[in-house]
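In structure tokens below, several structures.
You will see two complexes here that share subunit A, one where it goes with subunit B and one where it goes with subunit C.
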Partner chain A sequence: MKQLKNKLAAGFVALFAFGTTPVIADETCQSPYMPKITGQEEFVYVWTLGEAGVGDESDKLVTVDVRPESDSYGKVIASLSVGGLNEAHHGGFSADRRYFWAGGLDTNKIFIFDIHSDAAKPKLHKVVDSFVKDSGGAVGPHTFYGLPGRMMITALSNDKDHGGRTALVEYTNEGDYVATYWMPTAENPQGAKIDSPVVDGFGYDVRALIRKNIMLTSSFTGWSNYMMDFGKMLKDEAAMKRFGQTVVQWDLHTRQPKKVMHVPGAPLEIRFPWGPNSNYAFTTTALTSKLWLIHEDDEGEWHSKPVADIGDPSKVPLPVDISIAADDQHLWINSFLDGMTRLFDISDPHAPKQVYEKKIASQVNMVSQSWDGKRVYFTSSLLANWDKKGADNEQFLKAYDWNGKELIEKFSIDFHKEGLGRAHIMRFGSSKLYSS
Partner chain B sequence: MKYAVLSNGNLEGSQRRLGASLLVSFGVLLIAGIGLAVGTRDWRQEEQVYPVIAEAGNFADLFEKTEEYNFDPPVPGSYALPPLKQAPDGQVLDFVGRETELAGLLKGKISLVSFVYVLCSDENGCPIAMSTLFNIHEASAELPALRDDVQLVTISFDPERDTPEAMASFAYPVLSDAEKESKLDWRFLTTSGNRALKPIIDGFGQAIDRSGDEDVINHLLRMYLVDRSGRIRNVYGLGMIDPRLLMTDIETLMMEEVS
Partner chain C sequence: MQTVPAGRVFVNGVAILLAGVLLIPGSPLQAADTKSSWAEEASRRASEPVLGLPKINHPEENQPTPGKIALGRKLFFDRRLSINRTMSCAMCHIPEQGFANWELQTAVGVEGRTVRRNAPTVLNAAFYRVLFVDGRDTSLETQYIAPLVARNEMANPSAGYVVELLRSLEDYRGAFEANFDGGPSLDRIGKALAAYQRSLIAGNSPFDRWLYQGDERALNASQKRGLGLFKGKAGCVSCHLIEETHAIFTDNAFHDIGYGWWREQQRQTPRDHQQVEVAPGVVYPVPHAVIASVSEKQQPDLGRYEVTQDPDDRWKFRTPSLRNVAVTPPYMHDGGFAQLKDVLRFYNEGGRAHDGLDPVIRPLELSDRDLRDLEAFLTALTSPDIPRLIEEARTAVPDNW
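Right, the complex of A and B next:
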């Protein structure tokens, strides 16, 4: 049957606003089901951990004005405290981009913010506080990946042993529980093909390639580690063995695991390219400091292989967030412990090459870029108990322009001086997404 | 080429009220119809008992794999479609202006529900939904017993312009189809106004956004699978409007009923 041509070309073009112009857009790392900001983002939302001795010491959603013509450009224009500490970590928009879901890895609370009524001033719409009970024991809601009508959430742990075995948990857009999909394990592979000496059942990120009906999940570590003091954990041999070593390929439509691949060293963020014929994804391993390619061969089989070192792996720079350019030619890779960002040329995904690096600060975690790649934002916090101590505990949002050769700082917000806390995940907002 | 002939005839008869915009919409249907490819199996030669899935093979086999949906669909019945929520009720108008309750229309059959507006010409919007539903409607002639269990429901979210008369024109190719009695019922519905519409689109979760251009209603393409009890069992967006997936989900619901 003949379908309309080009309907998926140029990414998944969304239909919301900017007058009649279709809107496509960190933008580069979001759910493809979602309307994107291809022009200038207006706001950066920062899900921020409360910190002892800083402001109200509570987690909060911070809104920063990034409209270049605005009098408040580069300033915090809203701060919405949720009261208390939850180990605020990641968040994501619903597929209609009207709500921002943000999780707490310790309390398991999910905060759903309304960002469409007033994009400059989010308001708390709903709190889901039954995640563990709903899911049947999953702990640590991490990635929030918007699917039509629902939210797919990866968990990091479980309430039996607080280790890394965990699940995917699905909710409706209204915040009602739908289903739990436990990760395949050695004891219960759930029909998945095993291509790994370890089948750990751990989880971290989730991303999908709709055109191939593929969903990939990565694997980190459980509550007992991510809530432990970082220095203490490094000296704990048993704890250091409790890190993920797998990437799982799923059937996106049925949510059934299809294959377990070996990716040792705690594979974290997963990014698919946007090209209409690009059947691969990237991930980085935190402990082994490698860039991995998850790719499909000519027979339709998916495989994993390391394709580049990130910095000097012997120095354990600890790669964290990554951001792929909309044209699939470059990948920003942050590493936490050395505070560096590195840009890799990924035009040949099987042989990426570093083309640029810059020290952002004493520590750096998240990176988000605009759809056109000209603006790049960085934040600082990894986990409350893993962030550096003392003067090295810099907490910030930094904005840069990327001119193709170097990063040029536009503004920096000190989250300590502003009384905010530890800056974690960023997402872009725009009032133009909602024209009525 | 029966689909090409059918579509041409319908185009000539459908130009009266909605002019160019309608041509755009049905142009899409025409293109899709010409390209329709159905399986070679002669379903009519086989015993048609409920469920029609008995001995029938997979519904998805009616359609070919495409580059846009470059995978083999899952085996029907091999997975679950957990209920998401109850589909909303509301007063709707059929194409002759009769008012009825949406919940009553949905009850008893598995429904593929789509939201459109007639003037929509965005290639990533309503035309995709309509062309896919048109192809499913055409292909359903190969499974005549399926009309007892499955229906297509299209609801306008532009009630001011999409009057019952406008919907009748929009639906002309389907309503005038000489073979429609062997195909799925396809209900074309509108509402008396935005007040009647709001609980329906809010209940389904179909976000729409009126822009400064009054001719354009920004929206995200969504389609909904509703079971016989009126529960939403799946939500589809751009990139998921694969007739094989839609038919596999329908088959899965039917298998669930007899399991």
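Right, the complex of A and C next:
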């Protein structure tokens, strides 16, 4: 116990040391601690799942050149295989943006790529393969959220039953384990205020609002569900009962859970707006197809409420990734099963309205936009065993320009034709970040 | 080490208290494993008769010892024994879920691969003369090889690979030698796993105290009526046996009760829509075409026929024991029934009529009250010893790299 406390104390020192000189921001969806690319991004890194019968079948980090003047614009310029099928999923930069951490939801490996030595050609710097053991049983490293000197990682599952109960796990930038913070549960709320009929202890995303000292986590499902055949799961009544129904508010500095809010239907990505007075965040529930607002009231208390439907919820379009514009006026929302992207006007966060929609492909998962909102990128893969089968299993990175009225395609890379696999999370790179 | 109760868990409306063990990192007692004492108790349990259960037939060459049981437990919880370190036996046979899996109708193995069948409990597996629902193995000493090398379970490239792995793992050094006449081998891995599983004995239920000990208050009136129906009008006892001195609730034989055949019809002609519960109480009909777009092809299950190739064995499945059935949902070989009520309704309707249906299975004309009483009886088969077995199972955290 004492040992743990000491580690925690060290964490606070590191946090405050960096925290005094915050470098606000990044292209719209990332940790506010990190330097941001406000101009033209040069590269898009795509954390890609290996796929049976495609290329070397291995998970890989794919680098795409997006410098408009470059001869290789819109082309894959590097591909770094890490070996195996790890259920590549999400990844995030360290707060100094020199390293890209990417996780494997199945094998629990964490791959740390050096992206600063040569931004056009990432190198594998280190592999952490002791995540489950380090954390004391957390499974499925998912979101990598850069805090000063630290990486905050959400897990999705655990090594006791592969269900949804899980934890936040903190590492140093060097890849050393610091601490595990288990999600509050009905049996052990850890002092959190309970404002939900269900306290599931599940996890998914994490985002922070520094000036409010607040961290929010969302809740998805455990290993058994996210690994299994999607169709099999939809038919399995027992499995369908195991989806997250909560968003938890944490104290960012002490890492203590403060409040458990009710958000049924598997809330996934969390996005805080950038405005200095915007005390709210958005999340979408994958199964119930709703946009939710997590907002602070006049008394400083945080609440959750649904504010819009995404498509026709009864058709289960399955909203997945979202991307908030830097001016807080618009939110892109992808939905996987209908392959659509929708743009919502969120100028009134309590009453968002859809203003545009476009079918991207037979399936679509991730969406990322440039800081100025003029370029929007899409990728296809959700989870290896959830992706569509047969001809509908299109795998791609598609780049568009957004002119305020419509998306205009600039290029598209077929990840099957290129022998790469299933394209998942995208992150932007630029050599200019590292030239002093 | 600090022990905290993991709380009450409700299954089929019955509350059972499950003991959990929470390890607080860094606390001084963590190293002080109570291994020897729990394993001694487990070994005693495996050697002496437990109320309501027959004496276990331990193979001559694999008599239980505390050391073998402790080693078997470690193997059972070792996630390193699968190709990519994600699956142990206990990831499918979960102690806190009745040594089965409440969260899935059918199991999921390495890389999320589909298993056609429900993960049954390993409690009291010692009493089966035929293992698996199709009876393809007969001994716990050899059964483990199937999940170990099945591509959709633990997916090891070969059984020999696992032997080599155990020889190389530091924390197994000397463990086999201390309990057997040599180091890791296929034979000895099987013996250790079998010894542990034969210690997972859960009898001593209210039913046992009533029938074999004469404790009148152990069963309530509804449960007694339920037992009457079970042995009488409902005819359950002809397959789920109750004997004079003990009851294992299985005849270790194979029967076509119409369930497997019915599920095959459903597989071949799926409904237009699948009702999907997207959040508690929110159900949407999802078109079959949408489900199909994200589904692999569903495999058929012919039961005993797959072992014998005898057409008479199509859709025959081994009778499962009903001990602890209230804490091992979902039910049937593919977990297709969520609740005992569903199973009882199925029997009351006479199973599903077709050629080959076991003649014992017929419409029962049981009233709602009869069904309630039968269900009440089935919940009286739960052993009070399960929390202790969970505690033993969790004497150490699962092995990970």
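As a convention for this text, the second predicted complex is superposed on the first by the 409 of 436 C-alpha atoms of A that agree within 3 Å, B and C clash if a C-alpha of one lies under 4 Å from a C-alpha of the other, contacts with A are read in each partner's own complex, and residues count from 1 in each chain.
Basically, a residue touches a chain if its C-beta (ideal position, glycine included) is under 8 Å from a C-beta of that chain, and two chains touch if they have at least 3 such contacts.
It should be emphasised that the depicted structure is a prediction, and the values quoted were computed from it without experimental measurement.
Enquirer: Could you tell me if A:Ser117 is touching subunit B, subunit C, both of them or neither one (first, second, both, neither)?
Expert: Neither partner.
Enquirer: Touching A:Asp236 in the superposition: subunit B (first), subunit C (second), both, neither?
Expert: In the superposition, A:Asp236 contacts subunit C only.
Enquirer: According to the stated criteria, A:Ser72 is in contact with first (subunit B), second (subunit C), both, or neither; which is it?
Expert: neither
Enquirer: Check whether A:Thr288 is in contact with subunit B, with subunit C, with both or with neither, and answer first, second, both or neither.
Expert: second
Enquirer: Name the chain, either subunit B or subunit C, that contacts more residues of subunit A.
Expert: C
Enquirer: Based on the superposed arrangement, let me know which partner A:Pro148 touches: subunit B (first), subunit C (second), both, or neither?
Expert: Touch partner of A:Pro148: subunit B, not subunit C.
Enquirer: Of the two partner chains, subunit B (first) and subunit C (second), which one does A:Asp251 touch, if any: first, second, both, or neither?
Expert: So A:Asp251 only meets subunit B here.
Enquirer: First (subunit B), second (subunit C), both or neither: which does A:Arg211 touch?
Expert: first
Enquirer: Taking the stated contact definition, name every residue in subunit A that is touched by subunit B in one complex and by subunit C in the other, in rising order.
Expert: Common interface on subunit A, subunit B vs subunit C: 1-4.
Enquirer: Would you pull the subunit A residues touching subunit C in the complex into a rising list?
Expert: Against subunit C, the touching part of subunit A is residues 1-4, 84-85, 87, 106-108, 129-130, 132-133, 136-137, 159-163, 186-187, 198, 222-224, 226-232, 234-243, 245, 264-265, 285, 287-288, 313-316, 337, 384-389, 392.
Enquirer: What part of subunit C is in contact with subunit A in the complex they form?
Expert: 6-7, 23-27, 79, 84-86, 91, 94, 96-97, 101-106, 108, 111-112, 114, 274, 276-280, 282, 284-286, 290-296, 298, 329-330, 335, 338, 397-398, 400-401
Enquirer: Hey, which residues of subunit B end up touching subunit A in the complex?
Expert: On the subunit B side, the touching residues are 28, 31-32, 34-37, 63-64, 66, 68-71, 73-74, 78-80, 82, 84-85, 122-125, 127-128, 131-132, 135, 205, 207, 209-213, 216, 218-222, 224, 232, 235-240, 243, 245.
Enquirer: Which residues of subunit A touch subunit B once you look at their complex with the stated criterion?
Expert: Going by the criterion above, the answer is residues 1-4, 6-8, 12-17, 19-20, 22, 32-33, 35, 95-96, 98, 147-150, 170, 172-174, 176, 178-179, 210-214, 251, 253-256, 434-436.
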